[in-house]
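What follows is a set of structures to go through.
Common to both upcoming complexes is chain A, partnered first by chain B, then by chain C.
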Partner chain A sequence: MTATVNQRSSRVAAWSPAKLFSARNIVVLVVVVGVLIFTPSVVGAYWTRIFTICTIFSIAAAGIALLYGRLGLVSLGQVSLIGVGGWITLRIGHATSLPFEVVLVIAAIGTGIIGVLVGLPALRLSGLNLAIVTLMLAGAFEVIFNVTGFPNGGDGFLGRAQGGVLQQPLARPSLGTTDPDYFRYVVVVAAIMFLVIGLHLSNRPGRAWAAIRQSEAGALAAGIGTVRYRLWALAVVSATTGVAGGLLAGNAGLLDPISFKAPASILLFATVLIGGAYSLVGAVIAGFLSQGVPPLLNAWGLDGNLIFVLLGFGMIQAITTAPQGIAGQLQGLVRRIAGAIAKRRSR
Partner chain B sequence: MILPFVVAGLVLGALYALSGVGMLVLYRTTGVLNFGYGALGAMSAMLAWQFAELRMQPVLAYALGILVATALSLLFGFLAGPFLATVTTLTKATATLGLALILLGVMLFAWNDKARFLRLATDTIGFQLGTRITVTQIICLGLATVIVIGTSLYLRHSPTGTSMRALASDRELASMLGIRVRRVELLAWAVSGALGGISGILLSSQTRLEPLFLTFIVIPVLAAVVVGRFKSLVGTLVGGLVIGVVQAVASAFPSTSPFSNATPFVVATIVILYLQRRKVVTIEVSR
Partner chain C sequence: MTGSLVADGLTVVYGGVKPLDDVSLTFDRDVCGLVGPNGAGKTTFFNALSGFAQPSAGSLAFDGEDILAMNAAKRARWGLRRTFQQEQVIHGLSGWDNVRLAAEHTGGGRAAVERAIDFVGLDGVDRAGSQLSMLERRLVEIAKTVVGSPKLVLLDEPGAGLDQSETERLISLIRQIPNEFGALVILVDHDMDLVSTVCGTTAVLDFGHVIAIGPTATVLGSANVRKAYLGTADMEADE
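Showing the complex of A and B:
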């Protein structure tokens, strides 16, 4: 007796109106549009600036989540890649008069290339080895950023304004010159980056990555080019993280090496674990946890340093009892509510 | 003219190695690579400074600092140990990042990141030997050597050391042979915490007394452990000394000095990549 199983191949176009306008996608769309329109006027100028930074970091968090949740790789150096993206953006932005969007694309490509080049020798590594190497690289990048600094309108390859020359911040994109406009700009770019990552996850690369995570030998046996797909994952993650760096550079027009130290990478990784590494909602939560909670603690009159304690306990809790993170718990809640509604309706 | 830098490098390297031994003892016994190790040392140093500021006898203050580091390490091992025994090496290491963050947060909350100095009584006593060498520096070098040799002998010859090595090979098998797994593990946590406390105090007197800096000194220490291929105590000592000397000598020249702090990262990355190329070392505790 044979059973027929309906299989969906990735090669068959899976686009259909019904799928495109699923309840989830509509909710996401409504939320994004709502955030775009209302956030700046509702939360005020100060919090608009903070939410801008949160959104930028959620892009980097999505990259960490992809590596950890889908490939099982721990990368403790992602904030350095934000720095790389920011450096390229400032350098190109000062050297040319290209529109900011083009500069962002160049930064994405440049950071992607650097990420892959750095990752090439680390391809054999996984598990603890990779975590250690990325931590070491974060330390090395910290030293490099301290030496080179970030371009601020000066001459030469490093673009440092020295001596009596005045620092010159990079101009914001013409579409987002004011704080609220730049917030909307960042949210739109972040949505595009999330879409890029989401499409990767739900299509062939995502399945290949999951297979590699389960067993590299098994993935090879199934005909997956493991080297190719691992490199592609590195490229995608580095490129999106580079865009985050570009947005961060565009926000203030200047960057400081002090923002790209190794501890920042560890903190961001902790927030991803707490937010939930298996969904993009988790990345949004992680962005807020890493950049939004410290000012929130300050606003409540608490010491911002307590964030470390909070994240430390949260991380241990996430590892021991809630591997899906806050996002997983939220999804469980939504599912339970939906189930209850469905039950009542069928009655 | 280069001699003072070599001496400073040897001392710093010896301290990396001293910390590395503590990390290694814990890793070999429980499989936990403790990223919170630097934070334990930082806590011990900050407490020692605080007690000394409160006019306590310096020796008593240092002892209290070391005691607290030991107790914290033991507490974490006691609470998290049973869970950590069931998960992969990577997850174990990730969990200790949480410990590092908690301790760091508490320290930054209690003491801000202002510049402080921990002056040991032995810092003022010194003698000329081409360059000025203080007794603290002699203690650092001597202690690291003694601890490395002592720990090697202890692991090889004492019953507890044998149990530790048995645990490193296979935890389940060791427990079936009647080894009190929990007790040996807690001993490893305590020893590791004490070593972390001692090296934290010495490190803070030789470098800077800042919670953030001392917490993330775990990265160069990790580099020394990597050179020791995660198993050799002597290799860790040699690795620590080499890293320390290269770093200090590099800082002597204007052209290389900005990059001197990157020495541990470069060395560790090269060593890991090289070892992986030959696939000689498996970092997982073999089961």
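Showing the complex of A and C:
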């Protein structure tokens, strides 16, 4: 052997429980708790509702970031999966008296299965081919949603109330009956989804996905079952996106097919690139860019559709100067400030 | 004691081209070399061994086990490891995680990762792959091949991009693999100094055929091999 046991200790990074209480983790915890407590009272009822939707879309954005940032897969059908999760939530919610949380789990499982099934034919695709296939699938779901509509308390498999029968919104969960409470509920569920995705990224599946992204041959040579891990990624992303759909359904109790058109997925993907596809912070930024900017433009007396122009410029900026997105730039800024502070202290 | 690899009549066909044509050879000790001019079929031989190229005829057996019966990922879990001409260190993962990645899919635990990293002598394993020097990346690649219980290690130009002193360090490591891990090593490289220093047995491929196999010094000195590398006209000029 070329090294002694003593040398080993200097080479191998030891994991310590103290890392759980690192400054970074404590800051994140304080920010989340602060957001939970203060946001609704600071921003008012309208923006609380907007922020609720932004947070919900952050979950779907995190899925896109996982697929693109870690596996190099371009999915342009994520908003359709939100619709699938919403459809299942409304249907199960109306048909049963199960608690909302159980319905969310069912929506996650159902959307996970559907995501894997529709993703199966695309397993061997990547790059532009995969992007086009997922966009076509998004188009197919758009048609299906337009034909079937979303369950609104009616009978039959589709659960549609027809004729003069009154539509029934799905009741919100008991922990989130008011808008501020539902916002807090959504933030907690989103945090759990981010934790699920983060745990996958930082453990065995995340490393396997990184290897597949780097080189399929290299991954196979390392013993990685590439098909299994791709399916795993699709299942995780579809399930968490299904939860996002469930939360969206719970927000208003009803869903409209107009919210799940194929271009909405392209817009969400663009905001992930701008926000940053390589970190979960980027997903949060993407959620707020996609759902927060249009109402902000409206509030300033501008057309919300200007977001497409802004995203166009944002994409150019992200591709040419900031491939890590806004999140990467923020992290760079934090590193520079921390470095400057450390330098000043050392003087 | 390392195992023994036997290729018998191995043929790979791509369209109308035969990069490997009825290749029969045996590698049975420590570190063996596979050399030949560009396009001779060396990497195709590695690809057939690893499961990335499907032979149209012939067999590959290691200590009697049929390698061709396993798919690529299963071969890695069985104990076949390889590096590529282009290093495959994942930039977004630390050096440690790069090696751990190989360990967790080939049956090695934390102790195996520590052993592999200690073996190659890699320091600062917390650094991201993108921050490692070329030598360190090559060391990570070697660590990935020896982690767990390798039986057959294929090294495809492991010294590419390294200077003389770095290559010497690599030579020392490659020589130790059979004794430390019990794995048969097959080395493909254009660096004849590296091959002649490290390999006891060497086979030479030319246009998909084995034109020589035997003790490295004898093989590299044979007229057939010089002809394959230099060409007839060059040989005549040389003489």
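As a convention for this text, the second predicted complex is superposed on the first by the 331 of 347 C-alpha atoms of A that agree within 3 Å, B and C clash if a C-alpha of one lies under 4 Å from a C-alpha of the other, contacts with A are read in each partner's own complex, and residues count from 1 in each chain.
Everything that follows uses one rule, which is that a contact is a pair of C-beta atoms (placed from the backbone, for glycine too) under 8 Å apart; a residue touches a chain by one contact, two chains touch by 3 or more.
Every value quoted in this text rests on a predicted model; they were computed, and no experiment measured them.
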>> After the superposition on A, what does A:Ile316 contact: first (chain B), second (chain C), both or neither?
In response: first
> Regarding the shared-chain residue A:Ala210, is it in contact with chain B (first), chain C (second), both, or neither?
Replying inline: second
> Quick one: chain B or chain C, who's touching more of chain A?
Replying inline: B
>> By the touch definition at the top of the document, which applies to A:Asn298: first (chain B), second (chain C), both, or neither?
In response: neither
> Looking at the overlay, does A:Ala221 come into contact with chain B only (first), chain C only (second), both, or neither?
Replying inline: second
> Can you list the chain A residues touching chain B in their complex?
Replying inline: 74, 121-122, 124-125, 127-129, 131-133, 135-137, 139-140, 143-144, 146-147, 262-263, 266-267, 269-270, 273, 303, 305-316, 319-320
> Can you list the residues on chain B that touch chain A in the complex?
Replying inline: 33, 80, 83, 87-91, 93-95, 97-106, 108-109, 212, 215-216, 219, 222-223, 226, 258-259, 261-262, 264-266, 268-269, 272-273, 276-277, 283-284
> Tell me, which parts of chain C touch chain A in their complex?
Replying inline: 50-52, 72-74, 76-77, 81-82, 84, 88, 90-94, 96-97, 100-102, 104-106, 114-115, 117-126, 144, 173, 176, 180
> Hey, which residues of chain A end up touching chain C in the complex?
Replying inline: 1-3, 7-8, 10-13, 204, 207-208, 210-211, 214-215, 217-218, 220-226, 278
